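Next up, some structures in structure tokens.
Both of the next two complexes hold chain A, though its partner changes from chain B to chain C.
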Partner chain A sequence: MPPSICLRRLSLAPSDLTAHAMASRSLLAYTQTTSFSHSASLSAKPGQGKPAGPARGERTLNLGKNKKVQRDMGKRPAPGERKALRKRVVLSNTNALVVEGLNDLTVSNIETGDMQGQVVGLSEPVIDQLRAVEAFKATQGWYLFRRPAMLMRKETAQLSALMGDVEAQKKTVRRILVGDRASGKSTLLLQGLAMAFMRKWVVINFPDAKDIVSAHTEYAPLPGSNPLQYTQNAYTANLLAQIAKANSAVLSTIVPSTDLRLPIPTTRKTTLADLAVLGSKNPELSWPIFNALWTELTQPGRPPIILAVDGLAHIMTPSAYLSAEAKPIHAHDLVVVRHFIDHLSGKSVLPNGGMVLAATSGSNQPASPALKFSVQLAEARAQGATDLPMWNPYELVDQRVMEVLTDVDTLKLHGLDKQDSRTIMEYYAASGMLRKQVDEPLVSHWWTLAGNGNIGELEKGSVKMRA
Partner chain B sequence: MSGGELPKSLLRAFASLGGFPRSQLRSIPSSRRGLNQSTPKYFSTGAIRRAETIDEVPRSNIAAPPISFSEDAQDIQKAEEQAQKLLKRLRVVPASASYFSAKPEATDDFVTLDTLLRKYSTLPVVPAGHAPRVAWKGLHHYKVKVNEPIGPARYARIVAILHRLNHIHPALMPEEVTTAMARFKRDINPHDIKPRPSVIDEWGRSKGVGRRKTSSAVAWLVEGEGEVLINGQTLAQKFGRLHDRESAVWALKSTQRLDKYNIFGLVKGGGVTGQAEAMALAVAKALLVQEPALKPALRRAGVVTRDPRKVERKKPGRIKARKMPTWVKR
Partner chain C sequence: MPPRLNLLTVPRTIVYRPKVAASSLRNGVLTRTSPLCRNYSDSPGADRSKDPSTQPLGGVTEEAATTADITGSKGPELEQGTPVEEIVKDDKEAQEKLPKVMQDSIKSSGPKGSRSFSTSAIRRDFHTEGLIQAEMPPPLATMPPGVKFGLPTLPVPADAHLKYRYDPAVKLFTNLIMEHGKLSVAQRNMALILTHLRTSPPPNISPLRPLLPGSPPPSHLPLNPTLYLTLAIDSIAPLLRIRSQKGAAGGGVALQIPVPLGLRQRRRIAVEWILAAATKRKNRGSGKGGFALRLAEEIISVVEGKSSVWDKRGMIHKQGVAARANLKLGIRR
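For the complex of A and B:
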């Protein structure tokens, strides 16, 4: 029996069918371009299968032996309420003391490096921008202190120096942030984003790579892509909204210089910020608009760009999405991920200079042996090792990941030294969250217990777990 | 021993003695008073001891009296009659006080040692705890040796005397006591085995080994800034619980030396807590090599003595080590 759906689709062949050289492949591609879903609620026909059971709260006759007492649970939380609570980021603790003499991070003190080894605050506009790109995480200890502040550590200085290089030489810096669990990778990423905002860069942040690949947003094959790629309209629209909100100061000053050729009318006054907003409001057009925005941003004379992702391991494995053949789609086949990976691998460069940062996660990472190996290799390379590690040829490896990460460098986060530990602990004490005299024995005690100065463990031990 | 056996053997003894004068025969009863008689008079049923103490040919081995060729049968008969008459007047008392006891060996040992103690009780002693450390035979070994069912309480009394005898000043220790005590010493004195004292090696490292439950840890301590690396991981990576991290470095923490030394540790076996506490002991041992004077402080911190507790074994007939199966009516 011939597949009726395919034949029906054939009769509706598109006009651009002839444009493709290989008609048979295009046909195949087209048949897959229809939006589809494998979620259960849509695939099941109504009126078939088991009844869903009585509605909640409805009284039913229950004659069974194991009668369960139906208790009134009260009002259940509304859809999304619990998730919102879980994702809620609290950036202030009104019970914490105001720290006297806490300076804000500014462009000037970033460049001079005066703030090296000191705790600095973040100014309100930057906090708003960072919030817009979801750079703050609920698991970080922002809720403990009066206002967001952070330690300018050695790695921050390195990052700052790299940013200076980018601005001076218009080069693309690509780094994977690696380090122990709770060593401050996400916070360093946040520091990078904050500095980029202050330097008037365009910031595009993927706050959690897991959201891209966990199959919680809709997806569709990208028409005409070979090999087949997939767009995620809802995710891209949200991303555009974040870009528009966070970078409005920069993007609202830039007017498109090229013919965008968008399937939506734009006026002459449309700035890039408007364009991003337009994309966020039309999810079906979000990917073409993102592309148009990217084309505009890479024109000569535009500001540098910082691309950042947290939780890199998630996009280095097959995603949770399924293809039409019910095979897992590799994360690299998602256009959003593809776009990021091309820049991380160096396949695409940022013509106006910029930075591609990818932070690994110590607590939420799927197994990605290729990523792990690539990081080891990069570290060995950085140390100038003569015998570089070799992949065991008898083990299967995700070749796509290996190729992508061939020459990416790492930025390794080590533990703080005793001086930095003392500085941050004095900040804890000044905030009233550590009620002890910060002296040499106390600092060395927590420094050792925190695994040679791991900053997350230092905070956990001295502030969060205090009796 | 049956009742008829003794007179018969005595008769044989007299017969073999021949015409001994009466005065010599008289000396037999006097033997009950002194244990330190030169002639062997111990009679004992104990199998092992008999061979040790009696240096003459055991008389029980003699099936018949030696034949005297010089005298005729009449003389022998006369001697027997004399002996019969003598036995009517004599009361034979066994040399050993425990002759009629079922367990003569142990009692003899006790009496011997007690006698020795009384004899030498006036000798000067060393203060308590300063005597050379001796591991006495355990009850089990002693039981095997004497082949008698002796209980722990009775053996404890023997050991108490030995302990007292051991406290006699070594310069004045009589040979007799030394030989008597030697019989009760273990073949190998574990207190003589002294571990080689650990030293700080050429790199300034000191090594310590610690154990807890089924974990075993080795720690190297070197002067430093308080860095810790256990099995190649930092303290925070190795031990998730803050409590375990504190346990592992407790020896240094309690002596305010956390920022003076670096620790390199290897630990294996058991669980997380066991590993942390094994590490604590290992670090303390290594610290003692660097600073021996810290021993009292470390002992107060509780990281010198190994905790001997282990999981109690399961027994047959029980569900766990002690738990009994549920009682069922039938």
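For the complex of A and C:
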């Protein structure tokens, strides 16, 4: 199979060569090859031989017996248009009924825990922030209801309590969100992000880990790194744009206190929000600017930070990028991933306190036996088991992943209890999406069919009308 | 003191059930009475009990009040109601037809000491202790062991059967969009269609293409996508098909004969027309749900009266009217 990326991406522009004097020898060798093509030089010249047929949309004489129906030859969709339609996130259904008495989530009712076991809505500014960090997924059922609302479940309360601890003790909490498929891991992550936004934390979210490692964005070796690491300028620039947009309220109040030493002129009035915007506009500087931003955010007196990723398994395997030797690059050798992993593993701490959340995915995850084993180990440890599971020594293991996840705790999502199921089903009914009387037999019926209250299955069964 | 011999006491326990309507007892088997044609309005969502046509006519007093209201005079008092005695006071003919009790009471306008009817009340509960109301759910204490939610109420609803748990129109549609026997894919597409119906804005119904009479207002449709779909199908379902009988016209010419269709046949043809029209539509997005999206858009355009399916239906009906001369409905010998 040919590599999915073009090896020419590895070549550096001659202007970069001077700047990257420390680049390794193999990379310098690659810069000598200016171009490379698979196509044979002996291929026929265009315009010779049989004509390639009429242009699209042109009428031709067809005397054949089986005349084909002329297909619609209208304007084709623009590049990216169809994908945008597919990936569109709709957060409102104007046909759905307005639910009376639906309260918004606020800082005060998060802290008092009044909303535990209730469905709460999200306020407009928080929705905009969550949209900016792409926390809403197209596969989630937001498009059915009048406005985004969610159940405050037990796990949410746990997360909220952890956030309170972080603020009180300035500690770093690291958790992997695990649970069955459709048990609400991504939604819990979203709830965590929403609560962090309301608590005026700085939110840095990697919406889908697959996007980092799928080799759809450009990459380049980081000069002077040993072992060799790779930057992803386009991805980092996009990340900075998201950070700037979502956290503008917090970041625009902070002025850098250290000498940033950036290769781009900044004024005294440049806030961190401006800095992030600057990084998003100059992709070639995005990684140095991200580093500068991080340095500033970890200075004393700055707000807590939440780092979150969805689809953890993707960054626990070799990525789809290739090195100069045409070997797969391990995901941990990408600087963006490296940065996250260092905080998840506890190698780096957040001095002002904060949270590192990594959600696994039940439906889209590459096989990562080391991650699976580490999660099992963490769960056994949390239960206080005496005989912890052991890795089979005769099987190969991704040692880097094992080391990274040695002492990370998990936050396991269980199914809802009957009371919570009833609450969420009453919300469905009040929105007009469930046309049944919500009583004990109905709740019990769907709770059982949903695998003891798995919330995704509950929604799928009672609302989504699969018939 | 109660009488010693009580004729009204039941000697043994009798299970009391209201009598089943005679029409539902067919061949001695209790069958669920269903109308010949199951329309959308039969669905539980459509409640027509509030229609003025279903309300009972007013009594004499209401009629008199309405007449008085029209003529402008003062009618009888509606709040308290008019006693019958007052109505028949001046009407000798009506008085003769009154029950004897009332005739007596009119004649004797004062207490006489003896009545022609009994005034003693019988305590019914004392005598009906043997009767068990089968319709009432038994109290919790007497629930049979192992039953958590009570016994099911009879008759069992139509969708309680495993194989008939989906709406019949939806099931028919799902089966017709199925390809290569992949029911699960068809069901996913069906779910996408219903989702599109419930999230798209309410249809603008064209007065030129009337839907089935008694259809709910368009604003109600998105919240009940099953009804939306059924309404679209039933509104364009043709009443008949044209059968060509070879040689019946003489000289090797086929004779066009209109044949009436049953409900399922009508729906099937309607769905096939919708599928054909949706196939010709242009695909907009990419990915799996493209055809489902086109189908959903076609259903909306059917309800809005924009679809070409309406022309098809009109053509068939026109042919049917023209070909009805070919029907031979005479007495067979």
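As a working rule, the second predicted complex is superposed on the first by the 391 of 467 C-alpha atoms of A that agree within 3 Å, B and C clash if a C-alpha of one lies under 4 Å from a C-alpha of the other, contacts with A are read in each partner's own complex, and residues count from 1 in each chain.
FYI, a residue touches a chain if its C-beta (ideal position, glycine included) is under 8 Å from a C-beta of that chain, and two chains touch if they have at least 3 such contacts.
Every value quoted in this text rests on a predicted model; they were computed, and no experiment measured them.
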### Message
Using the superposition on chain A, tell me whether chain B and chain C clash or fit.
### Response
fit
### Message
Which partner chains sit in contact with A:Thr94 here, chain B, chain C, both or neither? Use first/second/both/neither.
### Response
second
### Message
In the overlaid three-chain picture, which partner chain does A:Gly451 touch, first (chain B) or second (chain C), both, or neither?
### Response
first
### Message
According to the stated criteria, A:Gly415 is in contact with first (chain B), second (chain C), both, or neither; which is it?
### Response
first
### Task
Based on the superposed arrangement, let me know which partner A:Pro441 touches: chain B (first), chain C (second), both, or neither?
both
### Query
Touching A:Tyr143, do we find chain B (first), chain C (second), both, or neither?
second
### Task
For A:Met465, select first, second, both or neither according to whether it touches chain B, chain C, the two together, or no partner.
both
### Query
Who wins on chain A residues touched, chain B or chain C?
C
### Task
Scan A:Arg181 for contacts with chain B and chain C and give back first, second, both or neither.
first
### Closest approach of chain C to chain B (Cα atoms, Å)
5
### Summary
So the chain A residues that chain B and chain C both touch are 440-441, 444, 465
### Query
Which residues of chain A touch chain B in their complex?
180-182, 415, 418, 440-441, 444-445, 447-452, 454, 457, 461, 465
### Query
How about chain A: which of its residues touch chain C in the complex?
72, 74, 77, 82-83, 85-86, 90, 93-97, 143-144, 432-433, 435, 440-441, 444, 464-467
### Task
Spell out the part of chain B that touches chain A in their complex, as residue ranges.
225-228, 234-237, 242, 245-246, 249, 253, 256, 258-259
### Summary
In the complex, chain C touches chain A at residues 45, 149, 166-167, 170-171, 174, 187-188, 190-191, 194-195, 198-202, 222-226, 282, 284-287
